[in-house]
Structures are given as C-alpha cells and as structure tokens.
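What follows is a group of structures, each given as structure tokens.
Both of the next two complexes hold chain A, though its partner changes from chain B to chain C.
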Partner chain A sequence: MTGLRYVYAICRPFRSALQRQLTGVAGSPPKQLTHHGLIAVVSTVPETDFAEEPLRAHLEDMEWLTATARAHQTVIDALTVVTTPLPLRLATVFRDDSGVRTMIEAREDDFRRILDRLEGRVEWGVKVYAEPEPTEAARPGEGAAAGGTGRTAASGRDYLRQRRTQTRAREDVWQKAAAFAGRLHETLSAFAEDSRLHAPQSAALSGASGQNMLNAAYLVPRRDSEEFVELVDREKDDAPGIRVELTGPWAAYSFTGEFAEEPEVEP
Partner chain B sequence: MTTPGRLPQPYGHDSGANLADILERVLDKGVVIAGDIRINLLDIELLTIKLRLIVASVDKAKEMGIDWWEDDPALSTRARRDELTRENAKLRERLAQLEPARGQEEAS
Partner chain C sequence: MTVVERREIALVDLLDRLLAGGVVVTGDITLRIADVDLVRIDLNALISSVNEQVPSPWGEPA
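== the complex of A and B ==
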C-alpha cells in the first residue's frame, strides 16, 4: 500500500468499534495498527501532501491547517468516547506501517506508563473572562457615545469624568475577575487529579469577548466528570462582567508533558 | 481493555466552534514524537507567531469580519496567489517605465 502513515494517537486495545463513517485527515478513515499490545491509530495519507516539503508549506496555510486540525481532533474525540487515547501532536507522519511499529517499540515503556496514569481520565478546559460592560451603550440618555460622535459629553471635563468612570469600572471588573479566577482554580484543582495553567488566549482579535484571565486544564476521572461539570456550574459567579467557559471532555492533551523527550537514537 | 464510563455531553467543541481551543491543543499539547517526516512545528516560525495571535479567537474574529490571515501570504494559498498577481502587475508596470527610459538613453 502506498502513501504515508499519519498517527493520531496511541492507546490500549479497546472493545467498542469506532464510528463506521469516521474520517480523518486527508479524508481517509483511521485504522488500528496493533503492535506489542498497543494500538496506533493511523490514516494513510498521500505523499503529495504529507511529505516534508508539501507538509511544511501546508502548515503555513491557515485554511489547510484548520481543516487538518479539525480532522485530527475529530478522530481523537471519537477515540475518547471508547478509550483513553494518548494524543500525538498534529502531523506525526511515518513512511509506512513498519516505521510506526519501530516507533512503538522504541517508546513502549513510556507509552504504557503514561497510558496507565491517564487511564479512565479526561481533560476539562475552563476559561474565565473579564467582560467589562460597555458603559456607554448600557446607559441610554447618559451615554450613546458608542458611535464616537462626541455629542454626549457637554464639555471636555464631562468627557474626562466619563472616561475616568469607565476606566475605573473596567479595572474593577478585572480585579474582581482575577480574584474570582484564582478562587475558582483553587477549588477546581482541589477536585481534579491534576491541573495545568495555560497562557491566556489573546484578545487581540476577539475584541468583544473580553479579557481571558484564566485558561486552565483539569484532569478528571470520567466517573467524576458530571460532578466536575456541576461544580463549575455552581462556582460560576453571577457577578456582572465575569464569564466562565467550560470545554470538554478532551483527551488528556495537557497531561502528556511528563512524557520523556526523544530518546537517544540508536544507529 | 477499557470500558468507558458515562460521560456528560461534550461542551463547546462539538459544533465546529472553538477553533482556538482545538489549535491550542493539537499544535501545542500532546505527545511529540519525531516521525519519519521530520517537521518541528516550532521551526515554522511564522506559524508560531501568527498562532499566538490567532489563538485569540478565530471564529469570533471571522464573525467580526477580521480575516487578515486570509490576505496574509504566509498563511493562505489564496492570498499567495493574489500577491503573485499583484507582484506581477507591479513588475510589468516598472518594466514599462524603465523601457522607454532606456530607449531614450540609447538614443542619446
């Protein structure tokens, strides 16, 4: 069989079947490659797209990258439903099945160790946003300066006072949101088995969606997931200007970090 | 063999939304294994830099009509094509300017 092998994840053998119509990257269905009691979930992908040079070019192409990332995640999601996959980073590609087998042999101890640790666990993502209310728009009569017409402020002094009030309100929301995020993280980490703090997602493009104050991942046993979700719901602050966003269940992407760096390559 | 327990319905990333979260995970988390095709995502510098911005919220940005990456040659084939066309036109223009000048020079 020609084509390269794109590997999504490593997992232990699982009983349930994957959805029949599941498609992976490059529109090709993921298959299971069993070796040494471990399973690599792979798709055959064309060399014209996944050899080093075309792949490098593709990765700089936002449209291609988006489609491929979604396809990759779709397969990981499907696996997460039936087993505990160890997700590999996007675009892990081998020449052929034997290349994949060699890789499994080289890393099998690591794989087993991490799979044991993650077994039956999923990742939940929690983000907290500070969303100061747009004061101008919120108070008709007084404001309506959203369009920037300058009609509303009677004088320069009024304008400055208005600006100061807005700034203060915004800082107030940020402070409250930061404190809330800290408390929430403490509560959730106490419940979860493990947690990771990620860099806040930048608001450079998102504008209206507010300032991301907390971007965290929590490792939670499946059986406790409902409770975790309820806990997040309960802790959600009703305070205006604070928004909590929950995503998941994800494969334990954020908790594979203990995985050893590439071992010395034997000639 | 693993037997999955009951899981709550997925939140957030089922409807094709939340591209930022997906990119953040598939590009930045997960196990790094050098395949036979050796590409270090971090070596793709432009990608890394742009993603840091994009990870903000692509869907939102698109909603708001901010789609600058689509016009950024580094990020989109379509934009690259457009740029080539533009560059071609510019070169032709420049050539057209130079040729008469050269013609005069030769004549003098």
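== the complex of A and C ==
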C-alpha cells in the first residue's frame, strides 16, 4: 500500500465503532491498527504532503495548519466519545504500518502507564483575561468621558491628573485580575487531579480582547466535570474588567508530559 | 465579570494542545520538538504580517 501513516492517538481496544463518515487529515478515514493489545488510530496520507520537506513547509502555511489541526481534533473528539485516547502530537507520521508497530513496541509500557493514568479523565481549559476600560485620556479632546464627571480636561494639569487616574485604574484591574487568576488557579487545582499552565496567549494570535493572565488546563474525572464547571462559575466575582473563559472537555492533551522527553531509541 | 463557555474551538486553543501537548514519539518523518516550536514562532510572525492586510485571519472557520 502506498502513502504514509499519520497517527492520531493510541488507545486501548474499544467496542463501539467510530462514525462511518468520519474523515481525518487529508480527507482520509481513520482506521485502527492493533498491535500488542494497543490500538493506533491512523490515516493513510499522501507523501506529496506529509513527507518531511512538504510537511515542514505546510506547517508554516496557516490554511493548511488550520485544516490539519481541525481534522486531527475531529478524530480525537470522535475517539473521546468511545474511549479515553492518548493523543499524539500533531503531524506524527510513519512510512508504513510496520513503522507504527515498531513505535508501539518501543513505547508500549509508557503508553499503558499513561492510558491507565488518563482513563475516564478529561481536560478543561480555563483562561482569565484582564480587560481594563479603554483609556479616554489616550484620545485628547474626549476627556469628558473620564470618570463621568462631565468635566473637560480644561488645563494641562487636569489632563495629567485624569491620565494618572486612568493609569492607576488600569493597573488596578491588572493587579486584581492577576490576584483573581492566582486564587482561581489554586481553587481549581485543588479540585482537579492535575493541572498545567500554558503560556498566556498573545492577543494577536487569539484575537481575544484583553490581556490573557491565566491559560491553564485541568485534568478532571469525566464524572466530576459538571461539578468542575459549576466551580468555575461559582468562583467568579463581580469585579469589572475580568473575564473567564472555559473550554472543553478536551482529550487530555496537556497531561501526556510524563514522557514528553523521549528515551533515546536506536534507529 | 463573565464566564464564557465557547462552543467553537478557537484555533489558538487547539494549537496550544496540538503543538505543545500530546505524546511525542519519533515518527519516520521526524519533526523534532524544536522544529515545531519554531513553527509556532513563525506563526506569530505570520499573524502579525497577515494582520496588516486582513483584519481577522482568525475568524470563524468555514
């Protein structure tokens, strides 16, 4: 058979079938490759796109990366319905089935250990943003809007005073948001079995308003998910300028790190 | 303060997980982690350059 093998995830055998019409990366349907009692979920992908050189080029192509990431996630999502998958990093590609089998043999103990650890658990993402009010002082001539006093910035001194007040208010929001994020993370970590901090997202990349102060992932037993979501909701306070975003449930992407550092394997 | 539960997965959240999370195994086609991190950095550059021409490249997927 020609084509390369793109591997999405490693799972334990599961009984339910995947959706028939499920398509993965490169529009090809994922299939199961069983070896040593583990299942690799793989798609056959064309060499023209997934050999090292084209793959490297593609990963810098936003459109291609978006389509591939979403296709990868679609398959992981479908797996999450029927089992607890151990997701692999995007674009893990092998020459053929035998390459996939060799990989399973090399890592099967790790896979079993982490699959046991993740069984029945999901990941929730929680982000906190600070959203200070827009700075009126930054727009000269509209000083009247500041603080709702109805006064215009008549003099330079007034202007500077207004500006200082606004700067202070903005710093205040950031400080409060940072403190809130810290408390929230502490509370959620205590509830969750494990947590990971991702780097705060840049606004340019996310398109989200405000400054991302917390970008965390929490590992939660599936059955406790509702309670976790309620906890996030309950922890909100009425402070203005703070926004909390919840994403999930995800497959436990952020909790495979126990063997992110790969042992040296002789080729 | 508001709690927003987003239905549509933002690409940036997905990339946090797919490029920084997930099990790393050496495939036959080897992109080392360092390479992928570089991709991430290139992405940043790409976004800022695209932003100048296109208002929202991170809009809703088709």
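Keep this in mind: the second predicted complex is superposed on the first by the 240 of 267 C-alpha atoms of A that agree within 3 Å, B and C clash if a C-alpha of one lies under 4 Å from a C-alpha of the other, contacts with A are read in each partner's own complex, and residues count from 1 in each chain.
Note that a contact is a pair of C-beta atoms (placed from the backbone, for glycine too) under 8 Å apart; a residue touches a chain by one contact, two chains touch by 3 or more.
For clarity, every value in this text was computed on a predicted model and none was experimentally measured.
Annotation for the three-chain superposition on chain A: chain B and chain C clash.
When both complexes are overlaid on chain A, the residue A:Arg12 reaches chain B alone and has no touch with chain C. In the superposition on chain A, contact is made by A:Pro249 with chain B only, not with chain C. When the two complexes are overlaid on their common chain A, residue A:Arg222 makes contact with chain B while staying clear of chain C.
Contacts of A:Val82 after superposition: chain B is touched, whereas chain C is not reached.
Using the contact criterion defined above for the overlaid structures, shared-chain residue A:Val122 touches chain B, although it does not reach chain C.
In the superposition on chain A, A:Asp233 makes contact with chain C only, not with chain B. When the two complexes are overlaid on their common chain A, residue A:Gln201 makes contact with chain B and with chain C alike. In the superposed three-chain arrangement, chain C is struck by just one stretch of chain B from 42-50, 78-86 or 96-104, namely 42-50. Residues common to the contacts of chain A with chain B and with chain C across the two structures: 4, 7, 10, 50-52, 55-56, 59-60, 62, 65-66, 69-70, 72-73, 86-95, 99, 103, 107, 114, 125, 198, 201-202, 204-208, 229, 245-247, 250, 253-254, 256-257, 259, 262.
On the chain B side of its complex with chain A, the touching residues are 1-8, 10-13, 16, 18-27, 29-39, 41, 44, 46-47, 50, 52-58, 60-61, 64, 66, 69-70, 72, 74-78. Interface of chain A with chain C (complex): residues 4, 7, 10, 50-52, 55-56, 59-60, 62, 65-66, 69-70, 72-73, 86-95, 99, 103, 107, 111, 114, 123, 125, 198-199, 201-202, 204-208, 215, 217, 229, 232-233, 236-247, 250, 253-257, 259-260, 262, 265.
Put simply, chain A touches chain B in their complex at residues 4, 7, 10, 12-16, 50-52, 55-56, 59-66, 69-70, 72-73, 76-77, 81-84, 86-95, 99, 103, 107, 114, 119-120, 122, 125, 198, 201-209, 222-223, 225-226, 229, 245-250, 253-254, 256-257, 259, 262. Put simply, chain C touches chain A in their complex at residues 1-6, 9-31, 35-36, 39, 42-44, 46-48, 50-51, 56-59, 61.
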